[in-house]
Structures are given as structure tokens and as C-alpha cells.
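Structures for review follow.
In the two assemblies presented below, chain A is common to both, partnered first by chain B and then by chain C.
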Partner chain A sequence: MAERLKPVNVVTVGVGMTGAIMGKELAAAGLKVVGIERGPARDTVPNFQSPAIHDELRFAIRKALMQDNVKETVTVRNSSDQTALPMRRWIGFLPGTGLGGALVHWNGQTYRFQPADFIYKTHLEERYGRNFIDAELTVQDWGVSYDELEPHYDRFEYLCGTSGKAGNLKGRIQPGGNPFEGPRSREYPTPPMKEPYYGALFRKGAERLGYHPFPQPASTLSQPYTNPEGLTLQQCVFCGFCERFACEHFAKASPQTIVLPAALKNPNYELRTNCQVLRVNLDSTGKTATGVTYADAAGQEFEQPADIVLITAYALNNVRLLLNSGIGKPYDPSTAEGVVGRNYAYQTVSSATIFYDTDVKVNPFMASGASGTVIDDFSGDNFDHGPHKFIGGAYVGAIMTGGRPIEFHPTPPGTPAWGLGWKEAVARHYNHTVVLTVHGASHPSRRNYLDLDPTYKDAWGLPLLRMTFDFPDNDIRMSSYVTEKAAEIGRAMGGKIVAAAPRRGPYTTTAYQTTHNTGGAVMGNDPKTSVLNRYLQSWDVSNVFVVGASAFAHNATYNPTNTVGALTYWALDAIKNRYLKSPGPLVNT
Partner chain B sequence: MTDLSRRAVMKATGAVGASMLPIGFAPDESSAQEPRNTPAAPSTSGAPQPNSQVQSAPYLFLNSEEAAFIEAAVARLIPADDRWPGALEAGVPNYIDKQLNGAWGTGERLYRSGPWQAGTPSQGYQLPFTPAELFRNAIAAINGEFKGRTPFAKMSAEEQDAYLRGLEAGGKDLGGVPSNVFFSELWESTVEGFFSDPVYGGNRNMIAWRMIGFPGAYASYYDIVHQHGISIDRAPLSLAEDVHGHVHMDPAIPAHLP
Partner chain C sequence: MTRISRLDAVGAIVGIAVFCLGSSASVSAQGKRTADAGHGAEIAAQGTAGVPACAQCHAFSGASDSSGAFPRIGGQSAYYLEKQIRDFASSERANAIMSPIAKALSADDIADVAEYYANNTGQFPPLATADAATYEKGQQLARVGDAAKGIQACNNCHGPDGAGIPPAVPYLAGQYAQYIVFEMQMWKRGFRKSSPGSMALIAKQLDDQQIAAVAAYYQQVRGSSASVISK
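== the complex of A and B ==
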């Protein structure tokens, strides 16, 4: 029998970026907040320090900062006529765990989505007509506009200290920035990072073809910065250990560097680590949450009553907790009814690899996870899709993240897979190769969804999440088109060999692509096609808010973190200024 | 963060220098692209002998028959040539032995609940074996195959390559392990042992890093990242050398400890 604890006002399930921001702000508003984190407590000092943190084998290959598959994983299949099987190790994507969540091991790429992304269906139908979109795609509007989110994007970027160059200030295009971006209310908090050689090579090639290169917005900072919480970040030193690693230098925005210390100073805020939330508890009506039940590190169960439950875990775990708690109607692909698990999307990532002569010394290890140069000319709806018969796009850029050799030892097509020929090619090409990333949108499809696995369980005996996913044909066509554009840039960059690798199906878990899993608990204006209203509040249980990329109605061109941050502040604003004054549904059905 | 700048810390601590270098890591003046401990030209007709000079650390997991196979196999997967040592000389068998004997070998971070069934290629590894079980079963089956014949380790390099290609192609059962799955685990482990930090027992003398020009565990390139195309001619650094916490590649800080 679970021990019942003293009630509090707010529980956050998970203390990563969203949970830390919510917890800090609501504690500051005078509420008693408990942050429940399944993983361990950890901090820049002493946990993330050198030399141990620069260990590629431990962190990048053995994935020391990621969710422990022994306890909890995801089952996966390409289509609903297959049997889903567990991802026994993380390879294809890497859910994090522990205090600070994925923002501890991210790269720091900090993009905004475009204004058109939030009114996606309306926009595409206006520009291309009603029959342009493939019938299987369930694209829809988000229920929130770019203009509504802009102040929250701004706030999140100023929390992180993001380094970049504005391309559009209040509608005026700025030289050096991204001319395609939505209007910003002000410049980035810090100037762009230094441009590494691979970025400069890309810039030249892209300019030669008439494109518009700009420095990738980076939350690995170009200079020291003190954020509005009074926390100081340091200058990034380009050590090349961001993605899958934690930053030892206080140079990368993470909950530990941007917000947690402020939360932990407040006596209204209590953190409980190594505690696994098992379910959100509902009252007898099923319309109100009474709190959560969790198991501590020793397996002891506790019931934590709360007035408000904020589900602030990783996107996939948000969806699983809703399903395991019976909140919202699960999506059924055979009838296309139900919402929880619907509109799951991923990211359509591909590459073009450029092999140079040995006189071009790229030094790929001098990098941050977010340094580099990109173009937005083929992102979103920045080009006319009419002739191409697909929707969506991709940014293209040289954003090599560190040249760590177990992961990175490129060889040109035709190289033997092992043996002397392989070895000679690795030695020849390691320092003379630039990889262009093609980072593309992922569109929800009727047949792609998340639900509970009927067979496989976690360490606490609860069903694992089951993922049914394959790339929609639209996204394969998009990837093919933009990857060829990347290859053209590669040739303009002076590469001797350019190897384009557009994304092909079927989706596989056996090669890393990205950890940008989105959707499954999407926001919107219609309870028939969304789990949450436009304030990220559950339509069914009004004292539950679900914060994360799980709310994305589709996954746009870009890395999701900045949009998750903006949505966090957007929902927070609604909770603080509206919900607390009058608890209940913020949107009437 | 203290007020003391990181750079000042570097300057202060850089002085501990050589006295803290672990035994076996003498300061090295050779350049990144210069091979060191170049072995004798590799044999192309005869197999490398299980080599007690190369394999100085004792095996903790592998028995002698397993070790003979692993040593011979990795010597073909990444062979020595006249410029650079191969996986055998880099200590990859020692790396694999320590990994199989440790947490990874016993199934750390591996979801191990049934039911077990073969999946599609997209679904990845679906066998009940831990890495240690997988290597043990597969190598026992391989060595069993050669009973009464010339063992793998004594075959010619050409014959060894042909046999490994057969494993790679799949279709053969090795004690419950499909041969292509074993090959791929062996290959991944070999690459890991070749390129991982020497603290794990492979990449001896950071030879793989010297070969490609990866500088290792330096903590900062801030002052040179904008010097496009420069040659990094300093020897690489292992985690083990970074004993005082940080080794910054700053012009003012000697990368080679005094």
C-alpha cells in the first residue's frame, strides 16, 4: 500500500528543462511544488568534470546519460501488422534521464519554428489548394500562433543566452542572419559563435549557389552571459563533447546552468530524485487528478496528492504516462478515432558527405554541438512546393559536432567495410571530410502512432510504450529533393567526392538519426484531434497539463528544444495568469 | 563557478606536469601524423602468432582458444601495414577481453525480458545473449568447426579473410548466434577498441588517434578554432594524461607538459 504524503499544490513529473522551468516559476508564485525525477541528482561540479566527461566510449557508445533500457524501453515496429519488439539498446534515438533531462546532453541547436508551422494546414491549403497534401497525412493547425509564442521564444532564448544573429527584427531583414525566419522582437542575447572551418567551407559553397547562409543559433555560448535568473554561463571552448555528453565548462544551457539553482533556492520547491512516477491518480469522476503515485529508489510506493499535475517528462514518456493513467482516449488507427498517441512524428534526417584532398584540413574535433553554418532556403515552406508534390523541407548545414572517432570515421562510397582498404581510407579521409546535415520535417500519418504494448513491461510491471512508425512517402520525397540540394552545395564547396545519402525507408532503430520524437499528446482547438487545448491543458482532466514536444501537431524542419521552451512559458503564463485565478478548463468545449 | 578564470586555473595547475603522468605515458614529442612503434611489416601469407609481446595484459575473460581466434580475427579486420599498427598491435583483444568481463559483457543497459522472437532488420538486436554469452557461444562454434583442421588462427591471411567474409554474409548458425550478428558485434568492438581512449586497454599509445590526427581529450580549441585549416602537430592526449583535470590547447599553455 502506497504511503500517502502531505498534499502540495503542484507536482511535476520529471525535472528536465520543462519541469525545472515550471517548478521554479510556480514556486516563485507562492505555490508548494514538488519536482519528481526518476533519475539521479547531478550537477556540473562534480559530475560533469574533465577528464572523465571526455570519454567517448562511456558516454557516446555506452550511453551513460541515457534512460536505462534494463528498466524501461520502447517497443517498435514499422506497421501495425507487425509484432512490436523492444529496443533492447538505444541506437536509433537516445532518451535521457536524470536531473536536467535531455538538456544535459543536447547539442544546443536553438531554432524557432516558422509562423506557417503553427497554422500548417490552413497555410498549405491556402497556398496549394485542398488536395495538395497526401491523404494519409494528418497535418493540422496547432491552435497557437507564432505571434502569440514570440515573447515566449524570446524569454527562453534569453534564459539560455543563445548565440546567434537575428535575420528578421520586427519585420526588417538583417544582414548576416536568417532572412527566412519569423520576426523577432530583439537580437539574440549573445553574438554568433566563431565559425569553424567546416562552417566557412559551407558558407562559401552556399553563397556561390545564391543561398543565404547564417550562423546556427547555439546555446553553447559565444561569450559569458548572465541570464535573468542571475545565473552566469561561460564561453564555449569548442572541446567537441556536447551531444551525448554533459558540459564541464558551464558553457551550454542546461537546467543546471540556466534555472535549477534558482528553483532550489526557493523553500517552496522540493526536489525528489530517483523516484519513478507510475501513474497520475484520478478521482471517481475521472475528470480531476488527485496527484501521482511513485516508487522511490528502494521500490517503496508513495502517493503524492497535488492540486495540479504537470507532466513534464520526455515526449514519449509523457504519452506513456497518459495511457497508463487512463487520461484521454487512446488513438485507434483502424477507426482514426481517439487522440492519445495520435500524430506521433519524428524527424527526417539525411546527409551529404564531402571528401576533400588532403590539403583541406577540416579539424572536425574543434566544434561545439551547435557551432556551424546553415541555410534555410529549403526549410518549411520557404520555397515553392507546387512543382515538387510534397510538403515540408529541411535545413542544410555544416554542423559537425566534434569528430569523435568511434562515431566519426567517414569513408567514400566503394571503400571496403573492413580490412586494409578500410583502414587506409579512414586514415586518408578523417581530417579532410565535411558532413552536411539535412534536417527535415516529419509529418504525422494516419498509420503512425503510439500506444501501450500488449506484451512487454517495464521494471515496475507497467506496459511499455509501443511505437508504430515508418516514414511517410511525402517525407521520403522531401528528403530526396533537399539532400540533392545539399550534394550540389557540396560540389560547390570544392569536394572531390560528394556522397548524398537521402533518407530511405523503412525506418530503422539500428542507426542513430535523432532523438526528436514528437507528438502523441498534441495541442489544438478540437478535442477530436488533440489531447490538449491550446494551453497544453488536458481536455479531459483540467488540472493536468502536458508539457513537451509531445504537444507538437507535427514536427517541423527544426530541432525542437526552442519550441518546447516557448510552449513551456506559454503554458506557464496561462497557468499563472488564468488557471490559478479560476481553476477549470481554460477553453470550453 | 569561482571567480578564478578557467585559464588561470590551467596556468596554476599546468605546473604539476610530468610528475603526475602515469607510468607508461612519457611526454611525447612525436607529431600527430608520425607513427610510433611501427611494427615489422605485416605478414600477408602467415597469420600473426598469438603474441605475448603485444598482448602484455593478462586475459580475464577470454580462454586461450577464444583469445587465439580474437587476436587472429582483429588482425585481419584492421591489419597492420608498413605505416601504422593494426588492431592486434593496438591492443584491441585486450579491450574486448575487458569489455566482455565487465558491465557491458554482462548486459548492462540491455533490456532482457522475453518473449524472444526474431524481428525485422529494423527492430535491431533481439537475441537473449549478453555480449559475453554471445562471444562465448559464437567462438566456441567457430573453433568447433575447425576441430581436426588448421585452426582459424593458423590459416593464411587470405583464408582468414574469406572465412570472415562468410561470417559477415550470414546464414550460418554459431551456437544460436547468426554469424552476421556475431561478425557485426566483433567489428563494432574492434572499432571501439581501436579508437577509444587507451584507458580501456586498446588504442595503445593512441596509435589510432595518431593515424587519423584526432588529438584526444584536449579541453579547449577556443584560441585556434578560427585558424582554418591549421595543422595540429601536437601528440594526442589520453584521459589518463589529463590527471589534473584540464589540458587546454592554448598557445600560452604548453600542450606537452614540461
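== the complex of A and C ==
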């Protein structure tokens, strides 16, 4: 029997980026907050220090910072007629765990979504007509506008100290920035990172073709910066160990460097690590949450009563917790009814690899996870899709993240896959290759969804999440088009061989693509097509808010973190200024 | 393999930084002229017009002397030594003795003398060891950092036990404690303007006891990995 603990005002399920920010803010507002984190506590000093943190085998290959999939994993299949099998090793995507969550091991790429993304369906139908979008795609509006989110984007970027160059300040296009972006209220908190050589090569090639290169916005900082929480971040040293690693230099925005110390200083805030939340408890009406039940590291179960439950775990785990707690109606693909698990989307990532002669020395290891140069010319709806018969786009850029020795082995097409020929090709090309990333949107389809697996259970006996996903044909067409554009840039960059690798189906989890799993608990204005209202509040249980990329109605062109940050502050604003004054649904159905 | 990549990486970063900042270094980056270590040795031994012999203070081997007033320079990377001399000339590192000397050296002289000392390592003079508590305190800062102050381990950049990550980051292993203390104070008080984003920030957070401890540690920790890696 679970031991019942003293009630608190707020519990956050997970203490990663969203949980840490919300916990800090609500504790500061005078509420008693408990942050429950399933993984261990850890900090820059002593846990992330070099040389141990640069152990590529331990962190990049054996995934030491990721969710323990012996205890808890995801089952995957491509379509409803298949039997899903559990992922026993993380390869295709890498859910983090532990204090600070995935923001400990991220790359720091910090994009805003486009204004059109938030009114996606309305925008596309206005521009291209009602029958333009493939019938299988369940594209919809988000229920919030870019202008509403702008102050919250701004706040998150200033929390992180993001390094970049604005391209649009209050509607005025700025030289050197991204001319396609939505208007910003002010400049980035810190100037862009230095341009690596691969970025400079890309810039030349892209400019030659008339595109608009700009430095990728990076939360691996170009200079020391003290954020509004009074925490000082330091300058990135381009060590090349961001993605899959933690930053030893206080140079990457992670909860540990941007917000957690401020939360932990507040006596209203309590952190519990190594505690696995099993379910959100509901009262007899099913319309109010009474708290959560969790198991500590020894397996002992506790019931933590709370007035407000904030589900702030990784997107996939947010959806799973809703399903395991019976909050919201699960999506049924056969009837297309129900909402939890609906509009799951991924990211359509592809590449073009440019092989140079040996006189071009790229030095790919001198990088941060976010240093590099990109173009936005083919992102989202920045170009006319009319002739192309698909929606969405991709940014293209030279954003190599470190050229680490175990993972980075560029070889041109036709190279043997192993043996002496392969080794010679790797040695020949390692330092003379630029990889262009084509980072594309992912659209929700009726066929793709998340639900509970009927067979497989986790270490606590609860059903695993089942993912049913394959790339919609629209996204394959998009990838094919933009990847060819990337190859053209590669040729303009002076590459001797350019190998384009557009995304092709079927989706497989055996090659890393991205960890940008989104949707499944989406926000919106219609309870028939969304789990949450526009304030990320559950339509069904009004004292539950679900914060994360799980709220995305579709996944736009860009890396999701900045939009998750903006939504976090957006939801906080509604909780602090409206919900606390008058608890209950913030939007009437 | 990892180590070699990382060493190259830091050098390349600096190369890029210089590439972005100005033209003088891009000449050497393109490798138009090969430095002449023989000519550098001559400058070290007997000086050149307006420049006294480097060996007077730094010894012909680069080991300097046990007074600690002068840094050990033998075996630091040529890139690093060259940059320091340029910084003295530009007063990025203002120094009453080194700045006039640096200004009197031509660009080629600087490259040559840096090349010479980069390829020499002298003996370590027999120095008294620090007390165990100080050594341990210094070692902890070097290896782990200071959680309360949010200071990362020195070795993150300066390599395992201060072996250096050439060409950009100097070794500290075997460096004279007095010199390390002096330079940390230069950063703390704003006289040394190089590395404002890292070293100045860190120096300002460290108190005098911490600086003394970490300096004593590095003076003593020479050996093992240091001599192997600093090349």
C-alpha cells in the first residue's frame, strides 16, 4: 500500500527543462512545489567534468545519459497491421533521463517556429486552397498565435543566453540574420558564435545561389552571460561534445546552468530524484486529479497529494502517463476518434554530404552542437508550394556537431562497408568532408499515433507506449525536393563528390535521425481534436497541465526546444495569472 | 585517437578565431613561411637588435630559473608562444619587461624564437613540495572544480593533470607556482586581457588561497602524462 505523504500545492512529473522552469516559477509565487524526477541528481561540478565526460563510447554509443530501456522503453511498428516490438537499445532517438532531462545532452539549436505554423491549417488553406493538403494529414491550428508566444520565446532565449543574430526586429529585416523569421521584440541576448570553416564554406555556396545564410541560433554561448535568474554561463570552447554529452564548461544552457540553482534555493521547492511516477490519481468524478503515485529507488510506493499536477516529462512519456492514468480519450485510428496519442509527429531529417579534395581541411571536430550556418529559404512555408504539391519544408545547413572519432566516418558512395578499403576511405575523407543537414517538418497522419502496448510492460508492470509510425508520403516528397536543393548548394560549395540522401521510408529505429518526437497530447481549440486547451490544460482534468513537445499539433521545420520553452512560459503565465485566482477550466467547452 | 582529435580541435578553433579577426595570422595559417628554429636559437642565445637574449631569463632550454619570476616556456606550443609574444607587443598582456622586447621583434623573429622554444624542454629544478593539504585542494580544483562557485575543472581545457592541449592551451604541469599566481592576479585585476571569457572570469571567482593551492599543485604535478602530451 502506498504511503500517503503530506499534500503540496504543485507536483511536477519530471525535472527537466519544463519541470525545472515551472517548479522554480511556482515556488517563487509562494506555492509548495515538489519536483519528482525518475533519474539521478547530477550537476556540472562534479558530474560533467572532463576527461570523463568526453567518453564517446560511454555516452554516445552506450547512451549513459539516456532513459534506462531495461526498465522502460517504447514499442515500435510502421503500421497498425504489424506487431510492435520493444526498442531494446536506443538508436533512432534518444530520450534523456535524470535531473535536467534532455536539456543536459542536447545540442543547443534554438529556433522559433514560424508565425504560420501556429495557424497552419488556416494559413495553408488560405494560400493553396482546401484540397491542397493530402487527405491523410491531420494538420490543424494550435490555438495560440506567434504574437502571443513571442514574449515567451523572448523570455526563454534570455534564460538560455542564446547566441544569434536577429533577422527581423519588430518587422524590420536585419542584415546578417534570418530574413524569413517572425518578428522579434529584441536582439538575441548574445552575439552569434564564431563561424566554423564548414559554415563559411556553406555560406559561400548558399550565397552563390542567391540564398540567405545566417548563423544558427545556439544555446552554446559565444560569450559569458548572466541570465535573469542571476546565473552566469560561460563561453563555449568548441570542444565538440554536446549532443549525447553534458557540458563541462557552464557554456550550454541546461537546467543546471540556467534555472535549477534558483529553484533549489527556494525553501518552497523540494526535489525528489530516483522516483518513478506511476500514475496521476483522479478523484471519483474523474475530473480532478488528487496527486500522483510514485515508486522510489527501493520500490517503495508513495502517494503525493497535490492541488495541481504538471506533467513535464519527455513528450512520449507525457502521453504514456496520460494513457496509464486514464486522462483523456485515447485515439482510435479505425474511427479517427479520440485524442490522446493523436497527431504524433517526428522530424523528417536527411542530408547531403560533400567530399572535397585534401587541400580543403574542414576540421569537423572544432564545433559545438549548435555552431554552424544555415538557410531558411526552404523552411516551412517560406517558398511557394503550389507547383510542388506538398506542404512543409526544411532548413539546410552546415551544422556538424563535433566529428567525433567513433561516430563520424564519412565515405563517398561506392566505398566498401568494411575492411581496408573502408578504412582508407575514412582516413582520406575524415577531414575533407562537410555534411549538410536537411532538417524538415513532420506532419501528423491519421495512420500515425501513440497508444498503450497490449503485450509489453515496464519494470513496474505498466504497459509500455506503442508507437505506430511511418513517414507520410507528403514528407517524403518534401524531403526529396529540399535534399536536392542541398545537393545543389554542395556543388556550389566546390565539392568534388556530392552525395544526397533524401529521407525514404519505411521509418526505422536502427539509424539515428533525431529525438524530436512530438504530439500525442496536442493543444488546440477543439476538444475533439486536442487533448489540451490553448493553455496546455487538460480538457478533461482541469488541474492537470501537460507541458512539452507532446503539445505540438504538428512538428514544424525546426528543432523543438525553443518552442517548448515558449509554451512553458505561456502556460505558466496562464497558471499564475488566471488559474491560481480561479481554479477550473481556463477555456469553456 | 580521441586525444589527438581533441588536440587538433583546439588549435583549429583558434585558427578560425584568428581567421575571423584579422589578416596577420591567416598568413601563418596558410603556411607561407616555415619558421627557422636555428635563427630562433640565435635570438634565444644572444638576442637581436634592441632585444636581449631570451636565455638571460628563460634559460637556453626554456626552463627559466627557480625564482619563479619567469615562466617555464620550453615545450609550450609554437602557436601559443607566438601568440603570447604578439599579445605582449599589442599590450593585450601588458608587461614592463616583455612588451618592449616583443615590439622590437619582427614577425619572423617571433615565429623563429617560438619554434625554437617549442622544441626544447629543460630540466625541472628541484623545488620544495607543497604541504599535502594545499596539494590536495589544488588537485581538486584542477580535476573537479568548485561546485559552490560554479567553477569547472582546470583540466577541462589544460588537459589531464595540466598537460596542456596544444596548440591553443598551454601546459600548466611543472609551471612555476609563483608565475601561475602572478598571472591569475593579472587576470583578476584586468591587466591581462587575453581570454576574457574564460580565464578572467575564473580568476575573479577564485580566492587567493585557491589560487595558491592550484598553483602549488601544478608546479608539482609535472611528469607522467605532461611530458608526453605537451608536444
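Keep this in mind: the second predicted complex is superposed on the first by the 589 of 589 C-alpha atoms of A that agree within 3 Å, B and C clash if a C-alpha of one lies under 4 Å from a C-alpha of the other, contacts with A are read in each partner's own complex, and residues count from 1 in each chain.
Rule of thumb we're sticking to: contacts are C-beta pairs under 8 Å (C-beta built on N, C-alpha and C of every residue); 3 or more make two chains touch, one makes a residue touch a chain.
Worth saying up front: this structure is predicted, and the values here are computed from it rather than measured.
S.K.: Should A:Y456 be classified as contacting the first partner (chain B), the second (chain C), both, or neither?
M.R.: It touches chain B, and chain C stays clear.
S.K.: State whether A:P51 touches chain B only (first), chain C only (second), both chains, or neither.
M.R.: Touch partners of A:P51: chain B and chain C.
S.K.: Touch check for A:Q223: first (chain B), second (chain C), both, or neither?
M.R.: Second partner only.
S.K.: Go through the superposed model and pick first if A:T232 touches only chain B, second if only chain C, both, or neither.
M.R.: Touch status of A:T232: both partners.
S.K.: Identify the partner contact of A:D43: answer first if only chain B is touched, second if only chain C is, both if each is, neither if none is.
M.R.: second
S.K.: Taking the superposition on A as described, I'd like to know which of chain B and chain C A:T510 touches: first, second, both or neither.
M.R.: Only chain B; A:T510 stays clear of chain C.
S.K.: Name the contact category of A:K194: first (chain B only), second (chain C only), both, or neither.
M.R.: both
S.K.: On chain A, which partner's contacts cover more residues, chain B's or chain C's?
M.R.: Of chain B and chain C, B contacts more residues of chain A.
S.K.: State whether A:A336 touches chain B only (first), chain C only (second), both chains, or neither.
M.R.: The answer is neither, since A:A336 touches no partner chain.
S.K.: On chain A, what residues does chain B touch that chain C touches as well?
M.R.: 49-51, 54, 56, 194-197, 232, 234-235, 237-240, 248-250, 363, 365-366, 403-405
S.K.: Which residues of chain B touch chain A once you look at their complex with the stated criterion?
M.R.: Contact set of chain B toward chain A: 1, 6, 76-79, 81, 83-84, 86, 104, 107-113, 115, 117, 119-126, 161, 164, 168, 187, 191-192, 195-197, 199-200, 208-209, 211-215, 217-222, 224-226, 228-232, 239-240, 242-243, 245-246, 248.
S.K.: Looking at the complex, which residues from chain A come into contact with chain C?
M.R.: Residues in contact with chain C: 43-46, 49-51, 54, 56, 194-197, 223-224, 232, 234-235, 237-240, 248-250, 363, 365-366, 403-405.
S.K.: In their complex, what parts of chain C are in touch with chain A?
M.R.: 1-2, 5-6, 8-10, 12-13, 15-17, 19-20, 143-147, 150-153, 155-157, 160, 197-198, 201
S.K.: Please name which positions on chain A make contact with chain B in the complex.
M.R.: Residues of chain A touching chain B: 49-52, 54-57, 61-63, 66, 68-70, 73, 76-78, 82-83, 85-92, 194-197, 200, 232, 234-240, 248-250, 360-363, 365-367, 371, 403-406, 409, 417-420, 422-424, 426-427, 430-431, 455-457, 506-510.
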